[in-house]
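What follows is a pair of complexes built around subunit A, which joins subunit B in one and subunit C in the other.
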Partner chain A sequence: MRLDFEFMQETFLLVWSGAGTTLSLTALVLLVSIPLGFYLAAVRLHSGLIISSAVRGYVSFVRGTPIILQILLVYSLLPSLLNAAAQAAGLSVNIFDLIEPFWYAAVVFTLNTTALLTEVFRSSLTAIPKGQLEAGLTCGMSAFKTYLHIIVPQALAVALPGLCNATVNLVKGTSLAFLMTVKDIMAVGKIAASYGYNYLEAYLDVFLVYLILCTIIQLGYAVLEARLSTFRAKL
Partner chain B sequence: MLMSIRNVKKNFHHTQVLKDVSLNVKKGDVVAIIGPSGSGKTTFLRCLSFLEQADGGEMDFNGRTLSLASASKKEIAAVRKQTAFVFQNYNLFANKTALENVTVGLVSGHGMARDKAKKVALAALQKVGMADRADYYPAHLSGGQQQRVAIARAIAASPDVILFDEPTSALDPELVSEVLQVMKELAQEGTTMIVVTHEMKFAREAATHVVFMADGVVVEEGRAEEIFTAPKEERTRRFLQYILPEEYAAAVLI
Partner chain C sequence: METRIFDFSMIGTALPDLLQYLDITLLVAGSSIAFGSLLGMLLAWAKLDGVRPLYWLAQGYTYIIRCTPSIVLLFIVFYGLPEAADSIFSYDMNDMHRGVFAVIAFTMLFGAYISEVFRAAYMAVPRGQYEAAVCAGLSSMQAFFHIMLPQAALIALPNFGNSVISLLKEGALAYTIGLIDLIGRGNLLISQNFGAYGIEIYLACLLIYWAMALGLEYIFGKAEQYLGKGRGVQAKKRTARSSKALLKRLFSAGKGGEAHET
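Up next is the complex of A and B:
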């Protein structure tokens, strides 16, 4: 068996054109999931039984079901629901044309990543000693200000490895977005392959692109972690 | 009277940790609270800054009377701004430098302008001999240094009373004196302080008033000399004998 290197080179460049979609999907999802996850983690820790159980239920639902099922569920349910809602509201728009599959993918992955990050932030918030809050209060700061200046920055430093994990999983996970006809790295690779049946070459290209992206992301987090944790470093 | 605390009660689950504790503090007083461990000393201090909600009791403070069991958020915030707390394990903000540990409360808690806060904070650090470590993070300071920064943080906002909860018990023995030295200076300058301590020498030399607590009640209180040389209660005598065997034997012989 021989690899068609010329095809592989061309496709390698082509596959990078999907990286934009993959990365913007990832960035958009993180932008919503990080603050939301932090908020839900705080809610889970400090709210009454009902609300914190609701958050817990959401987290275990997401963790306990395969993501591919979540994708299929949202992709077959959400457009019809939205369409029905639009018609009920008397809008004469076709939701199926109006909303790009990209946005459905963003919804699924946001729901998914938010749940994972809620757990990451919950454990990092519990890792911050209670004395930090008490010190803030006795210095005349409100609980909110103490969270803002003291507890969240410390929890974020603790959460970085988990956050890195979630980001890398998200980048890799978005490869399933091709199921929703989103043109990400994976989809571009598959389409290229199907022209000449050069599946192996195309998949190797996709493989390489993900490997490079994830390596860069992990290096980025390592730098960030070193910067955000200067206060913890031993001299 | 600067602070008059009456009938503080506190239960944890079904144990009564504070049974009926009262205390009067005049401006410039240094009150030392001594007593065996588990007697409720920490809980008492924590109730005064509302880190623990008392089940009963009230406090006159700065001309205002408030309930320790049901003070409003506003009242709690006001008390916390007029008092300061020094913790046994320092509780410095781990992500802030020594200087920022002092400024963050001044700026975000007391609404002081940033450059003024920095000046005030540097002066406070100077006072505890930590100005040269202003840019160090707590993780890079010894226990004694951390506690001195914590004291700087406490005095910076010029509180009316500073509460100390065994400020030297977490320290290695050789670091205790640097912290006690700072506290003695504060005492000499007329800072009003309530100090829970096991350092009998400090209590004897610096306190204007000594309170002996056991099992959630004040067993005996009085001037330091009275308590240490002529305790009236058997319970106090036994405690001092246990904690100061040699000195106590000598004192009794005199």
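Up next is the complex of A and C:
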């Protein structure tokens, strides 16, 4: 086995150009999923049977099916659905040209990550004693305010390891976005690979880039966790 | 562009056809789980008990696999393994069934994940259990197999179930290297229909996977309930009744098992 190291060096730098897409996809998805997941977790814990079983069904479906199928389904469903909607609304735009595949990827991964984070936040919310909410209400704060100032900061510290896992999984999961022709790390690697049939070298590069990215993310979360859980040390 | 109306009956038509290829999906997942569990045991052993180099090797391996997207791992195995086998053993792997590559990649993946589950479960059993068993005259092998393993297995069960379900889902990637499994067949069906019915066929695949995941969840839940009988009340004091009973049977003096309860 001979690896073409020169090719590997060149491609390694090239593959980094896809990191921007991967990271912005990840950041966008997290930005939407974290509040949404928190909201759904609270809904699942506090509302009536119908709504909480609807949330449960959604979480169970997303967690019980492969993400690759979710991608394939949304990518074959959403564009034509939007196109039909645009035509019905009388807009003379071509949805297929207008919307970049990046946004479809964002939709899929948001739906997926929200479900995973709902579970993470649900378990972290149940870890906060009920007395915290009651104490806040007794002090005359509204339920929303109590959540915002008392419960969320504590629950977030509990949820951080789960959140770190979800982020790493999301970064890894976005490697499937190349199926939707998004130009992320994996896609750049795949194009470089098929150009000169250097499959192994190109995928080894991709592998290294993901390894570095995930290491940075995990270090970041370790720092964040040390900062956010300072309140525990004072107990 | 004319939009076709969603054809609900197509899901029903596609389901039996797709289910014929379920065995390949299950075979790949099942053998990956079996081999992966063996690998996981070795890795867990190296992490718990191994000498330094082995310990670092196991830790490093687990870390690297955890940071690798499964599709990248699958492609590296698929493209790299034949070359490696050719240059090291001069063995031609190119005619090998694609399922083999999928099984190897998923075994590597599952081994890394499950080794953490096994390690955590083993560490959750109080050390005193082992010491008590050895004090009572069991050999270290006996103490491991009769005292530690049954308790650790029960603790590992929920996470093992989760890992099995997530491996089943990862297994869906196998079609990307050209294996004709459930999704591979679905894609064939779609191209036979000139790209039509994509939504219906993917929905049918999703339903199959969801049903499998729910079934597995149910089975593991039942198994946990059954095996964990009689220790629900005192979750904290779960100093393993079974080992105590065993020790009592072995040494009718009776008090042998309580040495660790200080």
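The definition used in the following text is that the second predicted complex is superposed on the first by the 233 of 235 C-alpha atoms of A that agree within 3 Å, B and C clash if a C-alpha of one lies under 4 Å from a C-alpha of the other, contacts with A are read in each partner's own complex, and residues count from 1 in each chain.
FYI, contacts are C-beta pairs under 8 Å (C-beta built on N, C-alpha and C of every residue); 3 or more make two chains touch, one makes a residue touch a chain.
Computed from a prediction, not measured in an experiment: that's the story for all the values here.
In the overlay built on the shared chain, the residue A:60 is in contact with subunit C alone; subunit B does not reach it. In the overlay built on the shared chain, the residue A:93 is in contact with neither subunit B nor subunit C. Of the two partner chains placed by superposition, only subunit B is touched by A:136; subunit C is not. Once the two complexes are laid over each other on the shared chain, residue contacts for A:127 go to neither subunit B nor subunit C.
Contacts of A:150 after superposition: subunit B is touched, whereas subunit C is not reached.
In the superposition on chain A, A:207 makes contact with subunit C only, while subunit B stays out of contact range.
Residue contacts after overlaying the shared chain place A:31 against neither subunit B nor subunit C. Touch counts on subunit A: comparing subunit C and subunit B, the chain ahead is C. Of the residues of subunit A, not a single one touches subunit B in one of the two structures and subunit C in the other.
By the touch criterion given at the top, residues 1-2, 60-61, 63-70, 72-73, 76-77, 80, 83-84, 87, 168, 172-173, 175-176, 186, 199-200, 203-204, 206-207, 210-211, 214-215 of subunit A touch subunit C in their complex. Residue ranges of subunit A in contact with subunit B, taken from their complex: 129, 131-132, 134-142, 145, 148-150, 153-154, 157, 230-235.
Interface of subunit B with subunit A (complex): residues 49-51, 77, 80-81, 83-85, 87, 89, 91-96, 104-105, 108-110, 137-140, 153, 157. Residue ranges of subunit C in contact with subunit A, taken from their complex: 1, 3, 64, 66-73, 75-76, 79-80, 83-84, 86-88, 165, 169-173, 176, 183, 198-199, 202-203, 205-206, 209-210, 212-214, 217.
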